[in-house]
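In the two complexes below, chain A is the common chain; its partner is chain B in one and chain C in the other.
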Partner chain A sequence: MKLDYDQLLSDDLFGHDVAQKDAIQRQWLEELNEHHEANCPPYAKLANHLGHGFPLPVRLFKEFDLRSIGSDEVAKTMTSSGTTGQSVSRIYLDKSTSARQTKALANTVAAYIGRKRLPLLVIDSKAVLKNRNMFSARGAGILGFSMLGRDVTYALDENMELDLDALEVFEQKYAGQQVLVFGFTYIIFSHFCLQLKKLKRHMALDGYMIHGGGWKKLAEIAVDSNQFKAEVTDACGITHIHDYYGMVEQAGSIYMECECGNLHTSHYNNVRIVDPSTFVEVTGKPGLIVSISLLPTSYPGHILLTEDMGLLLGEDDCPCGRMGRYFSVLGRIPGAELRGCSDTYERKQ
Partner chain B sequence: MSHLTTYDKVFVDSLDLSSDQLGKELQYQSVPNWDSVGHMQLIAGIEEAFDIMLDTDDIIDFSSYEVGKEILSKYDIVI
Partner chain C sequence: MLAGSIEQITACPTQPFSDAACGFLDDLSKILMHTPEAKRFADVISFAYWCRGAHIGRLRDEWIRRSGGRLQMGRGLVLHIAPANVPVNFAFSFAFSLLAGNSNIVRVPSKPFEQIEVICAAIERLLHEYPALLKTNLFVRYPSDSDITDRLSRKADARMVWGGNETIATLRAKPCKPRCVDVVFPDRYSAALIDADVMANADAGKIKRIAQGFYNDTYLMDQNACSSPHMVLWLNAEEGGGSDTGIERFWQAVRDCAERQYQLQDAIAVDKYVHLCEDILNGLDILAVKRYDSILYRVSLKTIPEEAFRLRGAGGFFYEVRLESLEQLKSMVNEDWQTLTCHGIDFRLVGETIAGLNLKGIDRVVPIGSGLDIDIFWDGYDIISQLSRLIVLE
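Let's look at the complex of A and B:
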């Protein structure tokens, strides 16, 4: 059966070795290539020129209306968080792609923190969700993770200042219990960790933190992953801290950082690292990340050429025990447009 | 309150509906307030009113007024 998502979503996430995974994904990608060529005319045109199964540069979502469904089937439009002067990507979701993305996200996160819905502290402001018809990447991330948690509490007010009352209530209510803290890396660091530090306030939370959105702003002030983790633990007590790499163009298909500090591909996705000038796959040296997701059917986002540099670290042999490729993200390629969830937020200040 | 009354009240309150909007026609995204933000408010309302915790998959599958009743039956709440 073609594109059997019930099967895909019930399969083991990290259980296939390279040979099995290649065989499964080759077939899925072929079916997705055909599906999108048949249903998205601009994509088919590009495939004619660039080749069947070409990696679609992410910026083309800004220049073309790329969807593989009729306009009446669009249930939700997601946008990259662009500000004035930047063009905005539009990603069109129908009900089934949207539900599938959420299920894939739930399965992926469960593989790291378990299936139980934990009390959720979002390090952001509820105001991000104000425009309900047009979701930014930030809003979409928050909503996606909200479904995985319960009793969702926002740590910041509409001015992005700490809501100390809300934090106090959350801390007391869930003292001694496992909680989940979610947010964007730069916002967690600058609006949560540093602000708590200024107040000499240390929260005593137990559980997990999941954060994403990129390191660009933190790299500029020379904060690396180790220092970030130390600040988080100091601010709120949490020691299980997982970064993730993901993009609004492939929502739900995130690459999570394992206990050994590596970003992992799963059954739903994969990466290829390619030479930025020749697009030939490279190993052992940095290159552009081609990101594969088996999830999208409403828009042709299954094989994307990102603007991020990465390094393949290994395959099937991470000490954490998960099969599949694992890698690190080194940052944006020089000259790429400024983008990214928390980075764009910063520019508004 | 009967379970049905409670169920209806959660829909009316969390999605800001009138009671004549409830029924078989009411589905996710069939009214402006039942979007993804409204959905989380609805789920929070349901969980509080019936004192249950839904599985994530059930939250995602909770796609209509009628399907919601079936899902709640898994939690021994018969509407």
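Let's look at the complex of A and C:
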């Protein structure tokens, strides 16, 4: 049966070795290529010139409406959180793609923190969710993870200041119990860790933290993963801290950091690290991340060319025991410096 | 301030090609030619070569012949705004204006290009040997958001502005004297015109030389100079005919040059790929796409594009289309068109076409490889005449 998601979503997430995974994903990607070529005319046009299974630049979702469903089937539209003046990605979801993403996210997170729904502390403001029609990447992340926890508490008020009362209630209520803390890396660091530190307040939480959104801002102030983890533990006592890499263009299909500090591909996704000057896969040196997700059928987001640089660290042999590729993300591709007298050419963000 | 004296700056126009101006440029050429740091920069050396005595002398002789003894004088004080990303353009802008008989305030790019330091150091040294020029020429660097340009604008008798359309629009909006003349160099569009038959019959060495010339016109400036071609127009190219070999050999040779010489930035490689996707999704009438890794992209068009000037590449991204005749330029060329670099085509014929078709664009028709060779005739201007005034003695 084609595109059997019931099968996919009930399979072992990290149990297939390279040969098995390659075979399974080759078949899936072939079917997804066909599906999107048949249902998304702009995608078919691109494939006509660039070949089957070409990597689609993520930037295109900002400039074009790319969907493989009729406009009447769109259940929700996700947008990336662009800053003022920047264009935003528009990702069209139908009910089944959306449900699938939720399920895949739950399965992936369960593989790291277990199936039990834990009390959830979100290090963000509820105000981020205000506009329900247009989900921003931050809002989508929060909502996605909210479904994995219970008794969701927001740590920040609408001004992005610590809600100390809410924190106190949460801390006392779940003293001695496992909790889940979720948020965006930079917000956790600057609005949670540093603020608590300023108040000389140390929370005593036990459980897990999952954070994502990238290191760009923290790299600017020279904070690395180890320092981040130390600050988190100091601020709230949590020691199981997992970064994740993901994008709104492939929601649900995230790459989680394992206990050994590596980002892992799963049964639902994969990465190819390619040399930008040839688009050929490389090992042992940094390259562009091509991110593969088997989940999307409502829009052609199954093979995406990101603008992030990454390094493949290994396959099937991570000491954490999970099979599949594992890698690290090195940050965004450096901007181009162009010579020439014209100012019409500007690198789009 | 990089050279000259801000306390002393005064406007003192002279006749074009004064002995002081010609002597100064010749001396500048000599200093640069003998400066070890200058030799590291091909663009500094081409400037030094351009302003050597023999070349300036030829320009002067030609000027005298054309002006027929009429009296002309520089306009006075010229403000130069150089483009941000071309290190030596400011030096050419200054030299043109100096030769026209003007005093100059030159704003150099904010970016600390080493070429600027090398040239300005030589100018500063030399100005002290030319006291008259020391008082009338100034080289400055300041942030583009400061109000200094506003203040200088009010003093200027002419403004030479290089850069994109936005830079020019901003400058034009600044108040200036009623008689101030603006000589502006906005975004332009350039293409190459090649006879495919001639290319098919060229030997390997010849093709290599043409490809190197094409490389120099384009990749050397990331294909982002106003005179860098974005499109190749093929004449006498019969589809499926023998001329196809010429076309293929040409591109292969360009690729070879680029692979050996061009430092392709990762971000530009991604941009080229995205750019191709955008063209496809925007419905460009594409016949075929050929990618030589990321170093060279060829987008062959089925039909003559109506708004050709919008089809721009960067870092080695080219469009190409077959022309049945030069008359087809009519539907493509608008006032944005600047340079046509040619091979295998009679230049007079191109000139007759431009006139015969009443075209609003194409200011330069030059051999492939000479696209970037800037001179006192540029962008359709006779710059010396633009920057000087004509005195009637009757």
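One rule holds in what follows: the second predicted complex is superposed on the first by the 335 of 349 C-alpha atoms of A that agree within 3 Å, B and C clash if a C-alpha of one lies under 4 Å from a C-alpha of the other, contacts with A are read in each partner's own complex, and residues count from 1 in each chain.
Methods note: a residue touches a chain if its C-beta (ideal position, glycine included) is under 8 Å from a C-beta of that chain, and two chains touch if they have at least 3 such contacts.
Since this is a predicted model, take the numbers as computed values, not measurements.
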| item | value |
| --- | --- |
| First (chain B), second (chain C), both or neither touched by A:Met147 | first |
| Partner chain(s) touched by A:Ile333 [first = chain B, second = chain C, both, neither] | second |
| Contacts of A:Leu29 with chain B and chain C, given as first, second, both or neither | neither |
| Which of chain B and chain C A:Ala44 touches, first, second, both or neither | neither |
| Partner chain(s) touched by A:Arg117 [first = chain B, second = chain C, both, neither] | first |
| Dominant toucher of chain A (residue count), chain B or chain C | C |
| First (chain B), second (chain C), both or neither touched by A:Ala127 | neither |
| Which of chain B and chain C A:Ala106 touches, first, second, both or neither | first |
| Shared chain A contacts, counted only where both chain B and chain C touch the same residue | none |
| Of all residues in chain C, those that touch chain A in their complex | 83-86, 89, 162-167, 185, 187, 220-226, 228, 264-271, 273-274, 276-278, 280-281, 286, 289, 293-295, 312, 314-315 |
| Touching residues on chain A, where the partner in the complex is chain C | 42, 45-46, 49-50, 56-57, 59-60, 63-64, 276-279, 288, 305, 307, 309, 333-345, 347-348 |
| In the complex, chain B residues that touch chain A | 28-29, 35-38, 40, 44, 47, 53-57, 59-61, 63 |
| In the complex, chain A residues that touch chain B | 75-76, 95, 99, 102-103, 106, 110, 115, 117, 129, 132-133, 135, 143, 146-148, 150-152 |
